[in-house]
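Same chain, two partners: subunit A is paired with subunit B first, then with subunit C.
Let's look at the complex of A and B:
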């Protein structure tokens, strides 16, 4: 035979190391593929920068003497170091492409690759926002086409495309309401805005930002607005209401028409928070419900990647009454030629002289527009309707499966998200936060917790239509097993969770009480002590 | 005089016409770790039910309402510097403000200790 003398053990030595498994301390601090990554500021210095710029010579600047004269303090990394830095960080991050993201109200659904492909077409991706209109006709047509379908889906006559998030859309809508009240000469009198106790925090914050005083509308005990209590609060000092539908308890506001009528009868406007439009798109037109303004979170209902704070897009549809106050810029089309109406002067010529003005520097979140239109077009009318129906079906499946061990907050079926509270954890010593942290060890991003505020220790689960039955079953089995473990008294393991995450339980209190807002080099930090 | 409570979880202790006001131990526990407190300026006047102060925990920001009408005569800036005190001793050292009452009869509408215990137990 021709002998190979390189034989090496190819089966694990039985028993060896299993006990050690979790307490091996590596020299690097790394755990195989889980790399302990320092901040780029800590590993790099400018001498190692991947960019090599020539010294400026014979140039003048226009800084007028405000040139920086200390070092800028940027980290310097070579290209492979920079690449690795961000890839390593991204591998610590949970993402919708890794597993279910059950965050209620945040609607983390699958982002079809087709959208990404279309968004990367150079004609969209490389277009500069200051490109001349003649060179941007396709992009303008896309904005206009998306605007058309948003109006069509919502049954509303106008839409402002530029708001860059749901909260920004709220600001746009409430500013339009304020402008309309000013035009009526009632802005000084109509100072109150009503919003349910279950409202997303951005609702009252927006109203306050616009100078209104917010009052809570009580709930009716079934998770919805109490119509009679609302009527009692209405008056000629009410500017409007902000109601989310389906609401943040995952329930459809059955009295929505009566609510709209009551507000209109009192002379106010109806702002609808459309963050949950993904439950009803293709099924219900908000225009038929008496809505005056509603933002649509493109980054939720129409996929497009989000999370971690962005990017977002919150186009805001407006009723006949508010349409004249829509912000600039908007796209107009004449004889097949698209143009942007960007100035008050231009707007007046176009009969839009009541506009509330500019909300953003440019025209909106173009990359999101491309993705959202791609999503709409590839789904079609029937596909969008089915997506809404499947989102509701999946949420109800989760609700039905978890009911045996967890406590749904309200009776009956839900819309696109299922709300539980912490009653099932009563006397276990385990709290919502511990339950959520234990989910991390199971490999899941936790659900939305402690929101909405109307139930104790809320757990709001939104599976979206993206998840298969197999995926939902595994998720539900994992949650049921956690619930059983909590009830069986395994409190300590919940308090210790997460044990498998790169970082364990964080001290949120210390972070809030003593926030460190600026990184300082370790040497300086030591010297300061 | 004994401590009285509002339905919004403020406590009031009257001494002559000056009342010391804070948030109840129950409220402090429900809020979780307090991380921020904002108090009004002395000299400001409030009507019963007005937003008077803000208390923020990791979970949420809450308004503190004036449980009685009157003028602020003193504020406890120690809890602004050290919000943790609100969790440590909400009904003692971590009082919020002292108000000179403008209408002592408003005290009658507040709950006594036993009634508040009942009330808080349900909420």
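Let's look at the complex of A and C:
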């Protein structure tokens, strides 16, 4: 017996449905499963709360007279209201668990739930960073074990575990370079850092944050660094280079060793941006290519969840030349007993010795370490290699399938991501952004757009190893169909896209011109007008 | 391998479609002798094996919930409602990227807008960003921001600032040749910072409650800083305190940075945490990090977008206000859910429960021979001077199952006069029984 035996059986009515589809205005503004949701502050009131706490004794006030008397102005929600609020919000998000998320350079791969489970074991999740070492031996052992995997996979002798994200790892690596130059007495002279035009924005921003000046290295026309142009820019005022490899065009720098040699010969260091390590993990050791420092995005290569923008983790491997300058703290092990070196005690180290210093209050992103190690152990040596190969295979498959209608920017195979430009949209009136927004209506998250900056209207597609052939075929068919529609002159539908998303295109210009960065209660907002 | 969808037949079919002889043909640009390197690592393992191995490591640690627990100093054990962890594990939140495509990321964007509102209200500031890595990196960024705003070079650090925050700030500032002046360790909040502010001072950085637990009235130091054209950066490492204490904004702070871990986020051995960063509206274009703003869509409906990105590295490159890219997205969600459940009423009560726990703990411990309570005021943390070396006492008590606090030498290893100091935190999680156990074990250790 069915539960709705009181109701009438439903059968689709013919005819009217199609035409009405987008024109029906509901009273609530909702569209069936797509439910509008107010801000939490508009739902709750100041007396509301979804937490039951024990009663206060009211006997104590040792706050030194600095008590908070004014209202904070934050309403609370009961538990069912809060649950509904956040679940409704969640349903307005696209996510890798829903479908392909082909953001080039961002590496949106499957996030195994085993990793979530083990990261929540109380021994990790409920462990205080300043607990006595005797109470944290397992945590220190885990950090040491993860460090071993990272050193082995990169072929590098040392790793700094505390950087909190990729850009923080870049900072760590460039700081180590600066510290090494200071030890050589050349920091005042070596002030220039070279980075390709195609570099991530974090590279120049990091170099400047370290007090360096940045200069662009031109490309060679094949999407790679122009070795001769690089050599011309080298000199005794160069601190080092920052090169992403595989690079942001999705290509391996085939002159990588010559690049490293040239920089080393000029007395500089080679910082490798490891954002794309996922293309070669388990296949190639960056240490074999002359790298001095490289950060590893655990949230890309080793699949700790991106979580809507973070948290990340950016352990940074260092060469013999840079290892002495590693940040504090670090884990050491003697006779099976682990300890955390938080300060250098020896006499000459009153100012911290050679270390570049401390990058964060505690020891790094432990929660991410557990997840990453779980991911690595699950894959193992064989699985990591296979994952990199499948990532490269998938990107090349997409490249091969799309090149009939879209325009690849460079000749030949790619690594883990395929770069297209907007030549195929020439004279259609459709721009890269319109093409990307039309993908949303087809049920896909767009690829990375307008990056790297070295090709016009860039579209950078990174499928990762997580996509099946069936999923890739459907994705490619959808993109081919969009490309054909653009060329057939359906410009208006592209300009209007997306029409099926929870929101149409948003006015970003107005948002920047008149920034509204917080909610204000209606009476305050009125008073301010 | 359970995470990889292809079988070998599909791989071959794809290679054929590509026109590649084998997979290594796609890696042809890699120097041949570097390709297919050898790795001294084990092969893949099933879920059960991995769970077992990591479970063994977890079991070697002592979780905060395993017994009497009094450690704080920048990370605090609080009860987190079950709703929080359920919601942050929803696929749509957990496995989303940075909301660069706002039409399909309104869920993330709206909670960031709510988070910014909550942080601004708690700190008493006009605006807040969408989070930093943690409180300590936020502190370093605040000093750099003050330097940009004032175009001055000197940064003054209070002797009550968490030493690790001071170290992080120093590391960041020395890179750009800024002058960092550290006021000496100050256990009883008696330092005269105003006298150290001069015409070259960009900002003074003061923590409240300070690392020793003292509640500080920032009003006089804000006035002194402003009189010299310097900014006041206030640091709050225990965000729950803002439910009981006057906000830094009300006391005149120009930038407030904080550690938001206490709301929604577990201890996690130090990370991931969530850095709070708030300031005055007039300084927004000098702020680091992501900002979410309100706008409308093509149909006129309210929506949210990332905004003012011309401050950020992906647009501005070498002229960005910071190199930060990734923030603490999911940790901000945890914070927002917890704060939404608490509401103002819940937060105020939670804050006072913490205060009462600390008062009861302090009263019990202060009765022990060889224990001196050093604070006149405190919120949920205070400092004791013991008659013995605090590191040894902490180790001994750990052996008795009591995690007693942070010994001064752990944070200030170069200060001999810190060796007998013990920083003790007591939150709402502390029971009367915990206090009794701690008291009797500490008395034993000191006798």
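The rule we apply is simple: the second predicted complex is superposed on the first by the 483 of 529 C-alpha atoms of A that agree within 3 Å, B and C clash if a C-alpha of one lies under 4 Å from a C-alpha of the other, contacts with A are read in each partner's own complex, and residues count from 1 in each chain.
The definition used in the following text is that a residue touches a chain if its C-beta (ideal position, glycine included) is under 8 Å from a C-beta of that chain, and two chains touch if they have at least 3 such contacts.
Since we're looking at a predicted model, the values are computed, not measured.
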First (subunit B), second (subunit C), both or neither touched by A:419: neither
Partner chain(s) touched by A:508 [first = subunit B, second = subunit C, both, neither]: both
Subunit B versus subunit C as contact partner of A:305, first or second or both or neither: second
Subunit C versus subunit B, contacts on subunit A by residue: C
Which of subunit B and subunit C A:450 touches, first, second, both or neither: first
Which superposed partner A:177 touches (first subunit B, second subunit C, both, neither): neither
Contacts of A:234 with subunit B and subunit C, given as first, second, both or neither: neither
Overlapping contact positions on subunit A, where the subunit C interface meets the subunit B interface: 508, 512
Subunit A to subunit B touching residues, read off their complex: 450, 453, 508-509, 512-513
Residues of subunit B defined as touching subunit A within the complex: 33, 35-36, 58-60, 83-84
